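Both of the next two complexes hold chain A, though its partner changes from chain B to chain C.
After this line comes the complex of A and B, so read on.
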């Protein structure tokens, strides 16, 4: 019973309260709130209204490249859906895949009409960039470092500690550190920046450079997390399996692909799932390093929600938070059910 | 020099006498056991001087003054939620005077009119009329006590301009010409090319204030009551026109002569460059004056000049929305055909008291704010750059002795105070937005669209159209009629 009460008070109640706020306009008065029910208007504003450019992006007539992306992605997704339906159909499975497919096609058209047509994408696209590109890079480097630390190299334990340190620093500290390091007029690398002839280029004024710098900072902080978990997984791979493969004459890559990778896959999937959920909530680094700029180029959905909250537009803030929750759930559940479980079953 | 020393001694002696008198009276108050919780922006700017003065106040009265700090961007939200939800952990907020309108509208602030009437130490008449009547009052009642007076001005490197035979710019065309001439010069002798113009342009910082300063001259010609943001009669945004578009273009064009990463510079970054002697011209509040005599500003000591914000000879025609040439009828307050509209950006930091605090705490809080505001204290505080306090009293603006004593040259003190007075006393001075939702109108919408424009995401036409649409939404949300009434009041229109 106490556990149920705790869950109700600390988890369910805030969730329901914020859902009510997402459908309301709230004005703070002396000693009270003035709540006005506005239905779906907060969501409508984000998806179809004056905040559309902010959340989804600025739309343009779809370019040739955009059509190629949209049609290619749609065809691929529909083919995948057809294959599932024709091979082993269950209602629950099909419904889940239908949601994933609709979301995927929607995203394909969104990017086709914004990024691939020469326009800016919104905070949804920026967040997905941080999640997919950032987490992808972090996984590859984290796995590589973990693999290196399982090898018999000198000073291995020192490397383990050094690689782990960034994770213990608060994200705000990382944001300020990277902002100082990357300052091209006063930062420590400013002379080098000038020397290579980039004195007139500023990463903070270029949308893609700014996004990449934030991914670099985020990766610096989070690679250790992936590193330490995968290191533990790699060290638990039975030596017998590896030695047997070596005796059979398997190459290093073959051993990794056929012996090591299947063994660490469940752990790797779990660590990536945790990391992806965390990455969807990225806020400190873009807030500190660029304040979401230049323009809205580096603004994540969480930062979008935070800015609305700061301006006491609580309804919009809650609406963005719920949109983020929806995107996170669809992506993470799809990733786990379709990618991870599929791979685990296969292996 | 001897006369300056004599004046300084007299001022010091007077200040000491006033301070002693004030201290004696304050000492009569016993606030032992009373704690006043203050919330403001992070120090040392603004906050640290409150801490210092709080220690003095504690020694005199026994009241404990606690100063808590939150990031600037969260200050308004923290105060409003603390007071509106009945948490009431904060007794005094020190914030932008323009935010108070929304708080008064919500019934959250203590009316200080009677406190002021019973205060024989604050010398209300010494506070410059704009700050006394506009900044501190809402609907004719005093809700705020000013501790800082804010106007944006143009500062320039007097030594460099003199050596190049250039005059400080009077309008934005001249600004660009001077900036182009200065850009690339080595202005601090370190062998590195420096910048012609430094104006902060970072999102979620102070860029929208600079935007207001540029736009004001293009938009407002008929005096303060005209306003630069809305039509006071209809509350329709006055932003989708050639005047604001031209201001957007000007603001962006200044970046050609600025640091390459200016888009990521807030006011702290810009001031760092100014103090390092790397900027030929800069737009800033009154802080650059005192910062130039700070030890960290050695590179610019006695090398700066200050003038009223540049104006324009092309102004908004309200009927067509186009720019037209100034004539004596169109620009009645113009000087040499150039329309200036100095913008009271931000309005200055001011203290307000939570209506729901205990009576004894409210009295102690008022006495503390009064103590900080009184000439004996504030006339010293405004001469120190790190405090972030800029002059707002006549005694600070009309007498250079305090400034010379602090380290200003007599010439720069006169120049600096002259520029502030030119702005403050200008009949076409432009008032900052002071209505409910002020933070949303400018701090969120204007700031965001400006950032998108500067980043090249949208052009100026799209930017002003987006602002117009979003401002209309905010106005409808708060209620057009009540917003119109508040806007007219904020411009001094009472009919």
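After this line comes the complex of A and C, so read on.
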């Protein structure tokens, strides 16, 4: 099994080594380096110390809206946990859900203390924004396009090929192309911008505009992936089912909800899982389009770690990377266990 | 809906009525084609913009937008010439690097990955969970010893293996929990969750230690491993879907396992191989982060070259940039258009069962 050996060498070994680096402070000398054990200091710095604004965000006293959000989310999550525990209880399942719940509540308070109190969130929030908002948009549009392409449309194959192309283009290229296109003074839409009175507006200087542009670029590239897979899944739904439902007088929406959706659900869940996993690793687009700016507004966690590495702060870099790994694992495992398995069991 | 009962239908009603079950109502048709065409424009426009920018003079780019060649502006080949005639060395080198790395890492990961997938699909493995933990513990001990206590690399590794072997012989009878093939497969797939940034620094240091930094071998090996989970995952489902009778009869006729794999199984899973190859090659071709760490100048790949063009003194030379990006995407897009049917099928099969 050379595959097992190779993965062992290239992932387990570096993983352990990375953990050690995360726990230590490394000084690079000319040609060599020096390792000093500092325990949890690196993580402490990210979560409580001087790097807190960078990773978690700038904190402010929680405002009324913030309290409402945090308490509402906490109550919802606790209610969900209680319902699970009272119905059927297994230790493993409960522990898993407990971790998910704690994570969710923590996030709710984080957002309440940063975003909803008028401050900005850090790289953690930005990464989660890319993952959830980006993947949500991509799934909806990808599914919609795939659905339209299964309709009796002429030239379906041409659409199919054209829609597929963006996936092939290197993310770097996508970043530069969108940077050109989004330019409000020299880009192709500058007359339009001027017409709506935003001629002098620079999207790269506005935190939310920059984030949204990155999500647009990311979506442009990854909708094809979701589209192609879902299209294949939709075409695998037996025609007879749909036609039988049509004869029975079901409306288009009813057919989709009750016939098509359960059929494509396993595929949809898997493709979303793949997409979410990949979305957590986003780095090229923010790096090219904004270099993480304005400030740290578009910096994803991978980019954060990369910048720390560039500053030769390997310990911080590894600590951020480990935090990213933790977040990814919690989100992906929760998603897989709760959404994918849950839905498949139901249908 | 009974047509005879409503003889006087207005034009508006006709618009929302389907002529037959296999066609759409006119209004729906307009909306559907409208959305599809809009999306086509959205997809094609950035590529079109890259293409025309590559033929623009500096003045045409900086002086505000111009859209149509020969009407708005006079296309010129200056950027193409600059890159291919005067200054072709860097580009060519990166291009060749990219091709070598993408091809060989794809080949390597397909080869190893499909063999592993085949083994997982056909042979039952029953390693004990405790043994694996023991192995990891020994390795971790070795790593700690090397990093913290400054022990030598190879003797420590050998000692760790020896300790592991000894302990495994003594203790393995007491381990009850057995790991199945499904668990191994899941573990491999879960490696994909691992963000490359987590492991890239140790990999960097590792290659620095063996003096392979900035070489093709380092990048090829790393890419192969990163893409291995995808190969194993997709190919596993393909091999599972092949009926086992064929292989059994071949084995009865005296073929070895390797021969069965090579002569019967691989030809049968051509679709899957094509899809997986294409996907892995695209990933290797476009990879940025790992290449950024592992290469500086000699083994520089195209994504790094493109990203580095940002850092010129004269600002970004959009026209040259566009040329490089276009040159970079042409082979992939051509290949993808030819093979796109395979990829849909391949991904679907993997996704349904995975």
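Keep in mind that, in the parts below, the second predicted complex is superposed on the first by the 341 of 347 C-alpha atoms of A that agree within 3 Å, B and C clash if a C-alpha of one lies under 4 Å from a C-alpha of the other, contacts with A are read in each partner's own complex, and residues count from 1 in each chain.
Please note the rule applied: a contact is a pair of C-beta atoms (placed from the backbone, for glycine too) under 8 Å apart; a residue touches a chain by one contact, two chains touch by 3 or more.
All figures in this text were calculated on a predicted structure; none of them were measured in a lab.
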First (chain B), second (chain C), both or neither touched by A:309: both
Touched partner set for A:76, first chain B, second chain C, both or neither: neither
First (chain B), second (chain C), both or neither touched by A:185: both
Partner, of chain C and chain B, that touches more residues belonging to chain A: C
Partner chain in contact with A:262 - chain B first, chain C second, else both or neither: neither
Which of chain B and chain C A:159 touches, first, second, both or neither: second
Which of chain B and chain C A:290 touches, first, second, both or neither: first
Common interface residues of chain A - those touching chain B in one complex and chain C in the other: 33, 185-186, 309
Residues on chain C engaged by chain A in the complex (per definition of touch): 21-24, 32-33, 35-36, 39-40, 42-47, 49-50, 53, 61-65, 67, 112-113, 115-116, 119, 136, 139-140, 143-144, 147-148, 184, 188, 191-203, 205-206, 221-222, 224-226, 228-229, 232, 282, 285-286, 288-289, 292-293, 302-303, 306-307, 310, 316, 318, 321-322, 325, 328-329, 332-333, 336-337, 340, 343-345, 347-348, 351-352, 354
Complex interface listing, chain A residues touching chain B: 25, 27-33, 50, 53-54, 58, 120, 183-186, 199-205, 207, 290-297, 307-313
Chain C-touching residues of chain A, taken from the complex the two chains share: 1-4, 6-18, 20-21, 33, 35, 37, 144-145, 148-149, 151-153, 159-174, 176-178, 180-181, 185-191, 220, 224, 228-229, 231-233, 236, 243, 246, 266-267, 270-271, 274, 277, 280-281, 283-284, 287-288, 301-302, 305-306, 309, 314, 317-318, 321-322, 324-325, 328-329, 332
Residues of chain B touching chain A in the complex: 73-74, 76-77, 80-81, 83-86, 106-108, 202-205, 259-264, 269, 272-273, 355-356, 439-440, 443-444, 448, 451-458, 466, 469-470, 473, 477
